[in-house]
Every structure is written in C-alpha cells, then in structure tokens.
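Order of writing sets the chain letters: A, B, C, D and E. Residues in each chain are counted from 1.
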Amino acid sequence: MNLALDILTIVAVSLGAIFFLAGTVGLLRFPDTLTRLHALTKADNLGLGLVVLGLLPQVSAPLAALGLLAVWLLALLSGATVGQLLAGTASAPDQDRAETPARHAGASHD
Amino acid sequence: MDSSSLLVSPFTSLIELGGLLLVIPLMLPVIGLLLALMLGGRFLGRFMLLLLLLGLIAALAVATAVLTGGDALLYHLGGWAPPLGVALKADGLSAILLLVSAVVILAVGIYAQRDFRVPPGAPETRASLVFWMLLMGVWAGLNAAFLGQDLFTLFVALELLTFSAVPLVALDGRAETLAAALRYLLFALLGSVLYLLGAVLFYGTYATLDIALLAERIAGAPSLPPPIVAAAALMTVGLLAKTALFPLHLWLPPAHAGAPPAASAILSALVVKASFFLILRIWFDVLPGALNPMTAQILGALGAGAILFGNLIALRQARLKLLIAYSTVAQIGYLFLIFPLAASAESLALTGGMLQVVSHACAKAAMFMAAGLLAGTLGHDRIRDLGGSIRVLPITVLAFGLAGLSLIGIQPSGGYLTKTLLTAAVDGTGQWWWGLVMQAGGLLTAAYLFWVLGHALSGPPSGQVVARPGRAQELVVLALALAALLLGLLPPALFDLVGVGRAGLDASAAVSTAMAGAFGWSKLWGDVWPILVVGLLVLGMLPWPDRQANASERLAATTSSVTGHWAAALGAILERADRGLRKWPVAGLSLLVLALALAAAIATGS
Amino acid sequence: MTSALVVDAALALLVLGLALWVISTRAAYSAVVGFVAYGLLMAIVWVRLAAVDVAMTEAALGTGLTGLLLLGAAARLAPYEAAEVSSRPGRGLRMLIGLLCAAIALGLAAVVLMLPDPAPTLALLVAENLPPTGVGNPVTGVLLAHRAIDTLLESVVLIPALIGVWSVAADPAWGGRPGSLPRPQSGSALTLLAQVLPPFGILIGIHLVWNGADDPGGKFQGATVLAAMWILVLIAGLREPPAVRDQRLRVLLVIGALVFIGIGVAGIWLADAFLAYPEGYAKPLILAIEAVLTLSIALTLGLLLAGPPANDHRSGGRS
Amino acid sequence: MNGPTLFGLCGAALVGLGLYGLICQPGALRKILAFNLIGSGVFLLFGVIAKRGGGALSAAGLGVDGDPVPQALIITGLVVAFAATSIAVALLLRLAEISGRSTLERAGSGSHSPTHERAPAPERAA
Amino acid sequence: MTEFLLGAAAFVLGTVALGLIRLLRGPGHADRMLAAQLLGTGGVAALLLLGVATGVGAIVEVALLLALLAAFASVAFVSGIHRPDGLGTASGTEHAAPGSSDENKRDTP
C-alpha cells in the first residue's frame, strides 16, 4: 500500500515537473505573446496540479491536504483570470497603441 | 542642600517614578502623533502646544532626576531584561538632549502657531495637519533615539525620525523642494540600511543588541573581531550620511533651505544631532576602547573639512536660508573634533561637544526662524536686498545677530564655552592643528554674519513689506537667541550632567579648570580684535547708502581691491568643488571610500 | 543532504541573477518585473532558512504590495525615463564605484565566513521565556512581549509614512479620496476575481492572525493579505477608497497603536512594567492587540498604496 | 559549504550590487529598487545569522530551528522598508508630475545648485 | 522519498529559471510578466515539494500566500500596463505632464 502510494507520488510529481518543463519550452519557443500565454497557463496549472496530486499521499493530516488543494484551486483561479486579462490586453483592438512603448523599450534593449 | 531641594521640589512626584519616568518622554509624542490624526481640525496647534509643554516638564524632570540622583535612569520595558528585552536609559547626555529638544520644539511650536494656523472657514488644511503630525513624529523619533539602548530599537527610532523629517522638507510642494526631499530620503535610507547592517553583524557576533551588554562582551575580547570592525565602520558611515558630515552633505543645503522656516529650525537644530548622538553612543558606549588615533584623526579631519569648507561656501551664498544651511554644515564639523580630542581629554571634549550641540541647536533654530520672519515680511531672502530690514524687524535682526555671536563664539555664549573647552583639550593633547581650524572657522563665521548684518543694518528699506510677523514669533526667536548667548553663564555644577552615567568623567572639575580666567576683559579683547578686523573688511565691501546707485560695481571693485583676485577665484573654485561633491555619484563614491578607509583604520588599530 | 544543497545553490544563483537584472536592465518596468520575481524567490529562500514567518511577510509584502506599488510607479514614470540616461555618471566613475562596491561585498563575504562558530544565539533564552507570554510561536512572543516596543514603534512609523504620502497632495485636493490606484477596469474577469478572491483572502488573513499566536503567521502577514484584498476590490471599482478627511477612517488608522499603548500603560499597574502583561492574561491581551493592530495596519498599508488624495472624483484627473 | 553560508555570501553580494545600483543608476525609481535590494541583502544576512544560531541549538538536540529574535526583527524591518518605499514613490511621482523629471539631478547640468539662485534680482531696486 | 522530493524541487526551480530567459528577451512587458508568472507557479510547486520533504506544515501556508499575492501582483501588472496609454479609462488627463505618453511626441520639443 505504502509502496503503491510512493509510486503514485513519484509518477505524479515527475509528470508535473515535465509539464513545467513543457511550459518553459513553450514560453521560450512560441512565436508571440498570445500563444505563449496559452501554452503557459495550461502547462503550469497542470504541472502544479500533478505535483499537488503527488504530494497528497505524503501528508497525513487532512487539513494539510486541504491546504494543498486550496493552493491549487487558488492558482487555477488566478491563472485563469490573469490569462484572460492578459489576453484581453494582447488582443484588444488598439493593441498596437498598447504595446508600442513596450515594444520600443524591449527592442532598444535587445 | 538648599539649592538642590529647590531644584527637585517641583518634580518630586515625577522623580519618584524612577526609570518609569522615561516612558513619558518616549510615549508622549507618540500619543500626540496618533491623537493629532484623530482630532485634526482647527485647534490642532493649540492642542499640540499643550503636549509640548507637558513634554518640557517631563524632560525637566528627567534632567533633574539624573542630576540629583547622580546616576543614569534605567528601565526595562515590559519587565524583560536585555538581551531578551529592550532597555531605556537616560544618562547625562540623553538628559541634556531630551531637554534641549523639548525647549527647541516648544519654541518652534509657538512660532509655528501663526504659520500653520487654519484659515477661518476651512475645517483643516494639508499644511497644518502634516506639519503638526510630523513635528510630533520628529519629536518621538528624537526621544526614542536619545533613550533607546538597543541597536535595533534605535534603528526604528531613526526611521521614525527620517520618515517624519523628509515630508517636512517638501511641505510647500514645489518641484525643487520635492527633489530635495527625495534626495534627502534616499541618502538617509542608504545611511540607515548601512547602520542596520552593522547592527546585524553585532548580533551575529554577540547575540545581543543591548549597548551595555555589547560593551561588556567587547571589552572582554582580546581584540576586535573582524565582524565588529566592519560593523563599526558601516554604522559610522551610515550615521555620518544621516548627519550630513562633509563630504556627505549633498542633501542638507537644499533640504534645510527649502523647508518652511519652522521645519528648517527643527531639521538643522535637532534632527542631524540624533544620528550624531548615535555615533557618540557607538564610539563612547559600545566600543569605548576601540577609538584608535587613526580613526579619531579621520573623523576629526572630516570635521575640520566641514568647518572650513562649509563656512567658505556659506560666505558665497546669495540667499539667507542657504547661507544658514551651509553654516549648519560647518557647525556639524565642530562636533567631530571631539573624537581626536577625546583620546586624552575625554571630559573636556565631551563637555565641549555637548555644549556645541546645545548652543548650536538654540542658535540655529533662532537663525532659521529669524530668516523665516525676514523672508515672510520682505517676500524674499536675498541677502543683497535685505537693506534696512532692521527698521522693519528690529527684534528679529537683533535675535539673528545675537544667535550669530554664539556661532562665532563670543563671550559669554555657549559657542564661546565650547571653544574654550575644546581649546583646553587641544592644549592638553598637543594637537594644535585643530585649534587653528577652530580659529579660522570662527573668523569665517564672523565674516558671513557681518555680511548679512551689514546689509540688514545699512540703507533704506529696499522693498515693500509683504506681511507683518506676529509679535510672539519675534519674541520666541529672541528668547532662543538669548538662550544660546547666555549659555556660558550657567552654573558650572550643571555641567556635571555630562558626566552622569559614565565612569571616570568628572565634567565640572574639568570645566571649572578650563573656565578659570576664561571670562574677563583682556580675554574678551583678545578674542574680539581679529573678529573686528574681519568685520571691518566685510563692512568695507558693503554697499553703503551714499553709493547705493552703483552698488554692485562698487562691490566688485572693492572685492577685487581689498581681498584680491585670488579670493574671488578661490571662492569660485570652492563652489565648483562643492557642486561636484554634492553630485549623487560623487557623494556615493565618497561614502564608499570612507567606509573602506574607516574599516582599515579601525582594523589597524585593534 | 546534497540535493538540499543543490536547491540552495540554485536559489542563490537565481536570486543573484535576478538582482543583477534589476540593477542592470535598461527599462525600469522590466527591472520592476524582475524585482517581483526576486521577491517570490526570496520567500522560498526564507523557507530554506527556517524562517517561515519571514517567508510569509516577504511573500505578502515583498511580492504583493511592493509589486503593485512599483509596477504602478514604473508605468507612470515611463514617459520621463528616456531623459534619465543623460545624467548617468561617466564610465570611469562607474568603474571606480563598481570596484569599491565589489571591495565592500568581498569584505562582507569575508566577514560572513568569520562569524563565530558555534553561533551565539538567543533562541534558548526565548524558548525559556516563552511560557509567561502564553503564545506558542516564539516570533510572536518576541514581537509582542519581549520586544514589544519595537513592534509598537514600528506600527507608529507607518503613520508618518502615510502622512508623508498624503503630504504631496495638491492643496485643493486635501481631504479627498486617494487617487493613485489604477482606474477601475471594466473587464469582467477582474470584477470576477475581485468578487471571488477576497473571501478567500480574508479567511486566510484572519487565519494567519489567529493562528499566529501558536503557529507561523501574525498581524503583519494577515494585515498585508487583507490590504491586498481591499486594494483588489478598489482596483476592480467595486468600492471607492475612503476620503482622507473621513473621521472614522482616521480613528481606525490609529486605534491599533492606541490600544497597544493603552494596554501597555495598564501594565504599569497590573504587571509592574510598561508593556508588560498581567500573569495569566498575556495571551488574550496579545490576541486583542494583534486583532486591533491588524485592522489598523491593513488600512494603513492599503492607503500607502492608494497614494495621496486627489480631487474627489477619481476619474476626474488632477490638475 | 552549507546552505546558510551560501545565502550569507549571496547577501553580501546583494549588498554590493544594490550599492552600485543606488549610486550609479540615474533614475530615482531605480535607486528605490536598489535600496530595496540592499535592504534585502541585509535581511538575508540577518536570516543567515538566525539560522546559524538555531543550527547550533538543533545540533545539540534541542529541536529549535532558527533564532526567533532576528526573525522578528526582520519582519519589523520589512515593514519599515515598505513604508520607506511608499514615501519615496509618492515623492517621486509628484516630482515627475509637476516637473517632468524622474531623476535626482537635473539632466546635463548636474546637481541642483544653489548658485542658480545667486543671480541678483534687480527688480526691487527702489 | 525526501531526496526525490528535494530533487524534484530543484528540477522545477531550474526549469522555471530557464523561463526567465523570456524576462531577458521580452520583447513586451506582457512577455516579461509571463516569465514572472511561470516563476510564481513554479515557486509555489517547489515550496510545496520542500514543505512536504522537510515536514514543515506551515510551508503550505506560505505557498498559499504566494499564490494569492502572485495573482494580486499580476492584476497589478495588467491594470498598470494600461496606464501609460490611458487605455481602459475614459480620460487620460492624469498624464498631462510634459511629453505626454506618446513616444513620438516626446522627441519633437
């Protein structure tokens, strides 16, 4: 039983870590802000979820387990909202105006 | 003893509180700060005045208790003894500073009633609420800094002081004063963070932040451990930045000159003294044995630089408030002469230093407030256009002059006594060069005071009167100036206060030896004639009424003929040097160099 | 323990890298974003240093509130930034300063290595003297009993800071509502977040204060979370910030410190010392102080972010 | 080398970096950031000292992990640093708003010099 | 198991650190913020792993706080990014200061 739980932990946490890696790769390789955003929000929420799932068998107190779940829910909620807000910024009709100073600053840096 | 019972009787019930008495000066301003926000409104100024009076009584009680008890008052907050808890202590030095702050802040409080009253019809104004609250904040920070015995509590006190002092600078909301306030804040924050770093290293080495315990443990160590060397250097430099000792004075002139007069008075008279006081605490209480000659000479040299440089630049100022601000830069320098002199003449040097703190606090507050009255009445503070202001504001100009006499160091002022004591210490240690610096400083001070007074006395009023000052304002300024001037006449027994709480420091004996024969006509003449010469020189450069028409050409001509081209050239060079030194990166560089130099000096000596 | 060391080394490198970024990047906005990330990492560092209370404060203050404050400032200052380059010190001066800073850092590093071993500590003394305070969290014990004066002064320090922020207001705007927060957004996502998150946040905040007596947490952490939730509601436009002249607001701002002082003064008679607690009543009194202080501190922190009073209507701009 | 020592060295480096930024970066906002970095480095050193103190005890089997006194002081310090940052930001924003600059020194001309006010003002020659 | 969890924490931290390259490259503020957000989530994951590995329960609360305030910081970012352009607000009067907000305008005077 214990062994099975440990294996579950190892598998889930490893999978979660891989999702984080995927998210990072997506962030680095995808061509524009919008696609990066979508890759990132999916990957990191899944990654965090898997890590939480993997850790659940390792905590004994039910309250601690609840805390873990709460962390994930919170991250999901804020991730979704922020994603939508950012997407709104990036795809707003006057996006060019919004992004101009940013682009300028970035370009002058690179 | 009759006299001592007379001294004690009004405060008997307070003195019986013992150490608990210290909680009153600590908490009274804090409560004032909190209540001020709650009450606000039109009558805030009156209410604050009441608190200031109570604070003065408490400070008097503390001083009386310390003096008559002959020992420092000690109190463990919450009943927890250090190292776990935090102690409050009032030794002689704290008592003196508590008292002088209470006096000066009360005077400023009276003065500010008029400047910061709420116009009829308005429920409250920004300037009024902000000024009174921050005045309380400054007072709370000062008292906490004077009483705290824990390095971290002192850090919080310093921050309280800084956060209260900085917005006062920008009270009028102009771009220049905002920039000055920001510059002050950032440099002061750099100072506090370095101070905190030092405190951290102290804790890492001895697991306590209590001054007495640290002193005990450090005295027990065979040599200064490296972290303590670093801590001493960092804390000293951090506090120097907050004290605005030359060459770290970049923030002081614009900040002190730009603030409203009542605020300038507090900033110049008291705020910079708090960080100086902590430097004293570190070198004389935490690390009493570690002040080696090289470190002391470095601090003394900076002080000497401040005296010469500050006074020379003051001489070149066109605006009265800036002149006074640079005079503060110079006067801070005297405080640092006590480090090299304390090596063999600790009681003389410390007593002289404390006298300088007190007399400069009174004199400088009086001068800034007098300048404020002049500016308020004439609508400007350009020195060249002060002509005839003596006829408009006789009391104010008189007060300005009297306060100036104390700065120059003429009998019987506090400044004179300071110089006498420091000179005695110079003679005792054989370090004649500091005596030379003091003499030069006195003459330069005389020069710019004559310059200002000459303008104020001569000529017809050159402008319209914008507003009349309040009679109470003029009188309070005069009172402060008189206090500075008459400080030297205090009974020598009162100087015992300096030595209370520090072993082997018999202040009044040293003082009375030094004072023997200090007062007298021949001595007075010996001091006065060089000043008169300087005065004549300056008066020769003034635009007298009959030549008013082409005064500036005359001035240029006299300047070049009397003092020669080289003086003007030197002035210009110094001014450029000052502008360079006060650039942020250069000041930062000076700070880094100083930190490293101090660390090296402390390390080689230990 | 090697993998623990790997974690530490990774953290230290990341922290340093981000600090380097914050110092060296050209645009202030990117530097601030880097600083927010830096704060996040510092929270993890504090956990690694067994300072969970500090980690919470860093997460709440360092990342959250400081992030909002600086991001807002960077956005508003962006138009003026281009002019900054011209007042940069010359290359030689910069190199000299860099060398001296490096010397100081190296000196400090050497000092760190020379700190006494075994390290002196007060941990044992605190542990011995914790029972009379009635609390189980030693950090809370130190903050509210052994060194109560620091905490008191520190909650007082926030008031002049707030007055300092308010003092830059234009005279006609005095008494009005703070106007530095971002204008309310009409986006539904933000409104939703501002409706859903605060209940969670308030719960967490209260939990932190309540639990802070015995477990990590306490008034600063709790107050910061409450302040953040309040600001969120304000940004979403669900509520208006209170006017500076509001009498109730002013009472609430100072009530925490006043209650603290009041209980401290009562201690003179009841427990023989200022800021001492009578035997057996220490814990309830500490909890009472923490509860009131949390309210005052949360309000103060929120208002520090909300900025100086502007003309009464927030979208009316200020002239 | 152990974790706390590593972080101690990191703290020293942060102080150095922050000092450089505070002195050399012209923008006031950057100076504020740099001040926060120095502060953070100092707190980190303090945290390392707390951890070392606790480590010595837990090695003795007392089950204490970290000296609570520095930890309490760090919390106080963090709040004070936040207050300092907020004042600085308020002053800076107002300065930029009314004068259009975000630096301490006037661009080009160096520090704000009192000599600018030295020019005599003859309009009062009555 | 402890070693595994610590190793996983180190891995996650390393990965998200890699993501910080996006912080360097930008090009827009939004991209930089994405990198910071990834760091936030990854940091929370690493914290949870560390907490369970070392058995300190309160670390979960730190993670909770971090998640909460990282969301808050992102909101701050999103609402802050509008401001130089006055986007999303009816009036841009606040920035009537010299040079307004437009890059091109600033060069002309």
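In this text, contacts are C-beta pairs under 8 Å (C-beta built on N, C-alpha and C of every residue); 3 or more make two chains touch, one makes a residue touch a chain.
All of these numbers come straight from a predicted model, not from anything done at the bench.
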item: Mutual neighbours - chains that touch subunit A and subunit C alike; value: E
item: Middle chain, criterion being Cα centroid separation; value: D
item: Chain whose Cα centroid lies at the greatest distance from that of subunit C; value: B
item: Chain pair with the greatest number of C-beta contact pairs; value: C-D
item: Chain separated most widely from subunit D, comparing mean CA positions; value: A
item: Whole-Å gap separating subunit B and subunit C, where each centre is the average of the chain's CA atoms; value: 33
item: Interchain centroid distance [CA atoms averaged], subunit A/subunit B, Å; value: 57
item: Distance between chain centroids, defined by C-alpha means - subunit A, subunit E (Å); value: 12
item: Between subunit C and subunit D, centroid-to-centroid distance (C-alpha), Å; value: 14
item: Residues of subunit E whose C-beta touches two or more other chains; value: 26, 29, 33, 35, 61, 64, 68, 70-71, 75, 78, 81-82, 84, 97, 99, 101
item: Touching two or more other chains - residue numbers and ranges from subunit D; value: 15, 19, 23-24, 32, 45, 49, 52-53, 67, 69, 73, 76, 80, 83-84, 87, 91-92, 94, 96, 98, 100-101, 105, 110
item: Junction residues of subunit A, two or more chains touched; value: 70, 74, 77-78, 81, 85, 101-102, 105-106, 109
item: Touching residues on subunit C, where the partner in the complex is subunit B; value: 89, 93-94, 96-97, 100-101, 103-104, 107-108, 110-111, 114-116, 119-122, 125-126, 129, 145-150, 152-154, 156-157, 159-161, 163-164, 166-171, 174-175, 245, 250-251, 253-254, 257-258, 261, 265, 267-268, 271-277
item: Contacting residues of subunit A [partner subunit C, same complex]; value: 70, 74, 77-78, 80-81, 84-85, 88, 101-102, 105-106, 108-109
item: Complex contacts: residues of subunit B adjacent to subunit D; value: 84, 152, 155-156, 159, 162-163, 166-167, 170, 173, 175-176, 178-183, 185-186, 189-190, 193, 196-197, 200-201, 203-204, 207, 250, 253-254, 257, 316-319, 322, 380, 382, 384-385, 462-463, 552, 575, 579-580, 582-585, 588-589, 592
item: Subunit C partner contacts - residues on subunit E that touch it in the complex; value: 3, 6-7, 9-10, 13-14, 17, 20, 23-24, 26, 29, 32-33, 35-36, 39-40, 43, 46-47, 50-51, 56, 58-59, 61-62, 64-66, 68-73, 75-84, 88-91, 93-97, 99-101, 106
item: Of all residues in subunit B, those that touch subunit C in their complex; value: 20, 23, 27, 30-31, 33-35, 37-38, 40, 75-80, 83-86, 123-127, 129-130, 133-134, 137, 140, 144, 150, 152-153, 156-157, 159-160, 163-164, 166-167, 170-171, 173, 178, 197, 201, 204-208, 225-227, 230, 585-586, 588-589, 592-593, 595-596, 599
